[in-house]
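Take a look at these structures.
Okay, so chain A shows up in both of these, paired with chain B first and chain C after.
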Partner chain A sequence: MTESVRLAPDHRLSRLRRPALVVGVVGAAALLLGFAVSREHFFQAYLVAYLFWLGIALGCLAVLMIQHITGGMWGAAVRRLLESATRTLPLLALLFLPLTFGLGDLYEWARPEAVAHDPILQYKQLYLNVPFFLARAVFYFAVWLVVARLLNRWSLAQDADDDPAIAIRMENLSRGGLVLYGLTMTFAAVDWGMSLDPHWFSTIYGVIFMGGQVLSAFVFVIVVAALLVDHPPLDGVFTADRFHDLGKFMLGFVMLWAYFALSQFLIIWAANSPEEIPWYLRRMQGGWQYLGGALLILHFVLPFIVLLSRDVKRRADTIAAVASVVIVARFLDLFWMLRPASAVYLSMHWLDVAAVIGIGGIWMWAFVGQLAERSLLPLHDPALVIER
Partner chain B sequence: MSEPGKHTGPAGPTRAPVIQPGHTFGSVTDRISSVVLSERMPRLWWLGLGVGFLLVTVLLVAVTHLFMKGTGIWGVNVPVGWGFAIICFVWWVGIGHAGTLISAILLLLNQDWRTSINRFAEAMTLFAVACAGLYPILHLGRPWLAYWLFPYPNTMGMWPQFRSPLIWDVFAVSTYASVSAMFWYVGLIPDLATLRDRSPSRAGRVIYGMLAMGWRGSARHWHRYETAYLLLAALAAPLVVSVHTVVSFDFAVSVVPGWHATIFPPYFVAGAIFSGFAMVLTLAIPLRVMFGLEDFVTMRHLDNMARVMLATGLVVAYGYMTETFMAWYSANPFETYMIMNRFGGPYSVAYWSLIFCNVLMPQLLWFRRVRANVPLLFVISIVVNIGMWLERYVIVVTSLHRDFLPSSWGMYSGTIWDWATFAGTIGLFLSLLFLFIRFLPMISIFEMRTLVPEAEVREESP
Partner chain C sequence: MSRPALYGLLAEFTNPTDLVAAVHKAREAGYRAMDAYTPYPVEEVAEALHVHDRRLPLIVLIGGIVGGCAGYALQFWTSTIDYPINIGGRPLHSWPAFIPITFETTILVAAISAVLGMLALNGLPTPYHPLFNAPRFALATDDRFFLCIEATDALFDEQETLRFLQRLEPRSVSEVEP
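Moving on, here comes the complex of A and B:
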């Protein structure tokens, strides 16, 4: 069994908390200003930034459940980081509320005058209507909050009590929880992302979202773990072997992202049908093609080649550098998927930057706060071994 | 609290070991090699080989008749131009995937439970790919011109259409077959040397000796061997995904409702692993009893394989669900019609049977008690095999038989020759498998030795 380790108040991660809050508050003020100046840009920027940060938290929830099922040292080592991220979900549920005021600005199907002239949107009204959309969102958050809450509560109970039944209970919940995550996230991706282009459809869309979220979670955890290596006794937990494990997962999910993205592109390109290809045509002109090319490099080619090296994966500073690039690529990927729905030409409005930094500041503040709440290592996880 | 050790997971104390206690280097080697070196085989082995050989003769008759008459003896016609040949091709290729997953990916993930099942799972892969490879060639109509599929400079000025996934199939499947064969053979080398050293007959010593390629088991041999094996595993790992992805492209790049779906690549790969693990269970459960190998293929293996089946089965169910939802959401009348036709059309029995086999039945695997019930597990694995065949039947036939124009509608069913060819490939598979068991160790001897307590190296010893 391990001893309780609290995040030191003078550690650089703790010291990050106040600046993060300041950035968050300034960002929020900027967002309010932006709302007054350009309502349309505000909602579009907010949606992309929100889904980026929500993706990290939900990805952490998924990885947390995966590690409860598979076991293994890598999972035990980063469990508290994952759990802290999932405890930000109540905050994220709160941050979803502004979006509910902009459904008409964001989604064509939510504008009655647009629906009146569009037989396809009339057909889809059964699913794409405001009350049902909101009810589904409530349901998704209810599922995520309950699963995250139970896993966190039992994890705390495990700290106090070394009863092996608790581990089994967490494992069992994770099995069902993972199924629920797959179902809810698929429909959430359709609701929040795919329906921005209400005529377009792709069956792999939810899978692309989930693969991206899990990748986001791994890169985020790698960066935080790299910040914690100088925090004794975590240097005995976040060893070269752990970074090697996490790096392999990152490489795997980088490849999986490329696989999903290529599958969707190749199938739609080959069929070239008028109901599907416009989605790609839009993203292959007006400057968006350069962002697409940058994604190919930053989200796949570069991390793939660099991560083949064993040494890069085993050193905290190098793996964290690669992970930082991929975090940026994750945001650009969402930006490229979602933003062209309302922008024919590639441009980054100042609100796009303000939104991702503003929400990010508040989220980081909450995350570090949650991380400091509990021991940085689970106390009775049988898989955890500290090397000295 | 459970004892920390490398074989214990979160639920460690309650799980069966990967090898029964009490074994030593010697007992492992004796037990596994005795199957090959013994004079007599159990009666069930003769029965299995006999049934397999009988069906191979059926295959020979069916193929001879096909060569004499042409593909008209099969049920394929307009509008269903793809029938049993593609259904069985996809089914067999899919089955092969479990072998590669077990041998390559689980090796890279340090899963020690793969050790006792990887050898015959890899053999199963090879034999399944051999059966699969027959179908496209037989379906060519002029199979003697099969080499036209390869891009080679020729006086006819012909060149394959590189935008067609059918040509990608040629490369994907042939790469898969050659890498799998190489991986399997390299994995056999130390065991072939063991057989060379133990074989009582001169012929055995000479043949196994040549196949062992001079293996002496020196430290340098082992060092290079381990490196080569890991490199091969890394090469083989992407093949688990790539082959069935290309197979799914055969359908998905078209504009046929029910085929053209972006979810197809991951959903086909999951289906392949699902059916492959079902087949490994179907084979492993009788074999471990037949040759008394319960010490090596333990309840832990059956439990883990059942878990993989459940997980991949859920992904397959997810594929069915998204297909159905998106058919409605697309607002495309042809897509909606395709799903309604599957639900209530002339092939609805096949559709609902596949839902029963692939979605409902595997849900039993959530229960630990079911995973520990060997006869029930055997039944579920066979049901899944049938379900995955039906899935391909439904995908191929229901999408084609109702063409865009009602004047081009038609019905399809396999003829006696379709069924004879299918039964024949099952016979080929069984014959190859039973011959493999007779002449080569079906469990990796040298890898099993690493699981014995003797193999644990203690750091404090000098």
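Moving on, here comes the complex of A and C:
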């Protein structure tokens, strides 16, 4: 059995909490100002930033369920980081609310005057209409919140009681939970992202989102674990072997992202049909092509080549540096996927920066708060070994 | 000088932890010509033996790069030089369509280089190896962990090394006929 270990109040991660809240509040104030000044930019910037941070939390939920099913030391070591991230989901559900006021600003299908002149959108109204959109969002969040809450509650129960039935219960919920995550996230990606271009469709779109979310979760966890290596007794848990494991996952999901992204591109490019190709044409001009090229380098080529090295994966500082680059690339990927829907030319509004930093500050504040709530290591996880 | 009387001395351990400890002690005692045999890969043993062979990863990397370049070159040559066909008005050099096959040939040649390179560096197949003269060595494929100090080691002395190995408290020590 592991002993309970709390996040030290003077650890750099704890001290990050207050500045994060300050940044979050300042960012929120800037967002309010932005809403007053430029309502349209506000919602577009907010959507990208929101989906970026939501992606980390949902990715952590998915990885948490995967590790409950597969077991293994890597999962036991980072379980509390993943769980803390999933406990920010109620906050993220709250942060979804501002978007509901901007559906008409964001989505063409939510503007009656646009639908009136567009027979295709009239057909799609059966699915793409405001009440059903909101009901679906409520359903997605209900599923995620229930799964996250049960996994967190049982995990706490496992700390108090070494009954092996608890681990089996978490494992069984995770099996169904992963299926539910796959279904809800596919539809959520269609609703929140794909319907920005309501004429366009791609069946792999939700999968691209999910692969990206899991990658986001791994890079986030790697950075937090690297910050915690100096926190005893975690130095005996976040060893070179653990970073090696997480680094291999990161390499795998970087390649998976490239695979998904190329699959979508190759099929649409090969068909070259007027219904599908405009999505890429738009992203290959007006400056967006340079962001696409940067993504290819930062989101695939660079991390792929660097992560081939065993030594890079085994050292906390080098793997965290690569993870930091990929975190930035994750945001740029969402920006490149979502933003061209409303912007012909590549430009970054100050609201885009304010939104990602503002939501991020509040989210980090909540995350560190949740991390400090419980022992940093699960107490009765049979897979957990502390090296002395 | 005739053939040495022994290939080496083989110590048998029941778990990897003891084996790793034994390897550390043998290195401290100055032994270098030795090898360990386990039923499954034990990374700590490789570290304890100071096996720093980086030739295989390099072979695989080169194999992958050669495979990728060859795969792309093959497609480039067939579709633009040897047999150009207009497919739906697309350019002859349509790189997006070449990527999946380039990826496949990269993996294919890298994997083949890994297998062949591994066999070449291992010296496999080896029809005869003295270790199999020790009857208990067959357990290395089951649940036992072996350390063999070879007679070629500068410090090797049949009596001295035997006593050294026995001090490590192995399950058994056997002589390996050459």
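The criterion applied here is as follows: the second predicted complex is superposed on the first by the 388 of 388 C-alpha atoms of A that agree within 3 Å, B and C clash if a C-alpha of one lies under 4 Å from a C-alpha of the other, contacts with A are read in each partner's own complex, and residues count from 1 in each chain.
Everything that follows uses one rule, which is that contacts are C-beta pairs under 8 Å (C-beta built on N, C-alpha and C of every residue); 3 or more make two chains touch, one makes a residue touch a chain.
Quick caveat, the model's predicted, so the values are computed rather than measured.
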Identify whether chain B and chain C fit side by side or clash on chain A in the overlaid structures.
-> clash
Once the shared chain is lined up, is A:127 touching chain B (first), chain C (second), both, or neither of them?
-> first
Name the contact category of A:270: first (chain B only), second (chain C only), both, or neither.
-> both
After lining up the shared chain so the two structures overlap, which partner does A:380 touch, if you call chain B first and chain C second: first, second, both or neither?
-> first
Who wins on chain A residues touched, chain B or chain C?
-> B
For A:203, select first, second, both or neither according to whether it touches chain B, chain C, the two together, or no partner.
-> first
In the superposed arrangement, does A:186 touch chain B (first), chain C (second), both or neither?
-> first
Which holds for A:168: it touches chain B only (first), chain C only (second), both, or neither?
-> first
Shared contact residues on chain A - chain B and chain C = 266, 270
Partner chain C, residues of chain A touching it in the complex | 262, 265-266, 269-270, 272, 308, 310
Chain A touches which residues of chain B in the complex?
-> 1-2, 4, 8-13, 163, 241, 245, 249, 252-255, 260-266, 314, 318, 322-323, 326, 329-332, 366
Contact set on chain A toward chain B in their complex = 1, 68, 70-71, 120, 123-124, 127, 162, 164, 167-168, 171, 175, 179, 182-183, 186, 190, 199, 201-207, 259-260, 263-264, 266-268, 270-271, 273, 275, 380, 382-383, 385
Chain C contacts chain A in the complex at 57, 61, 88, 90, 96-97, 99-100
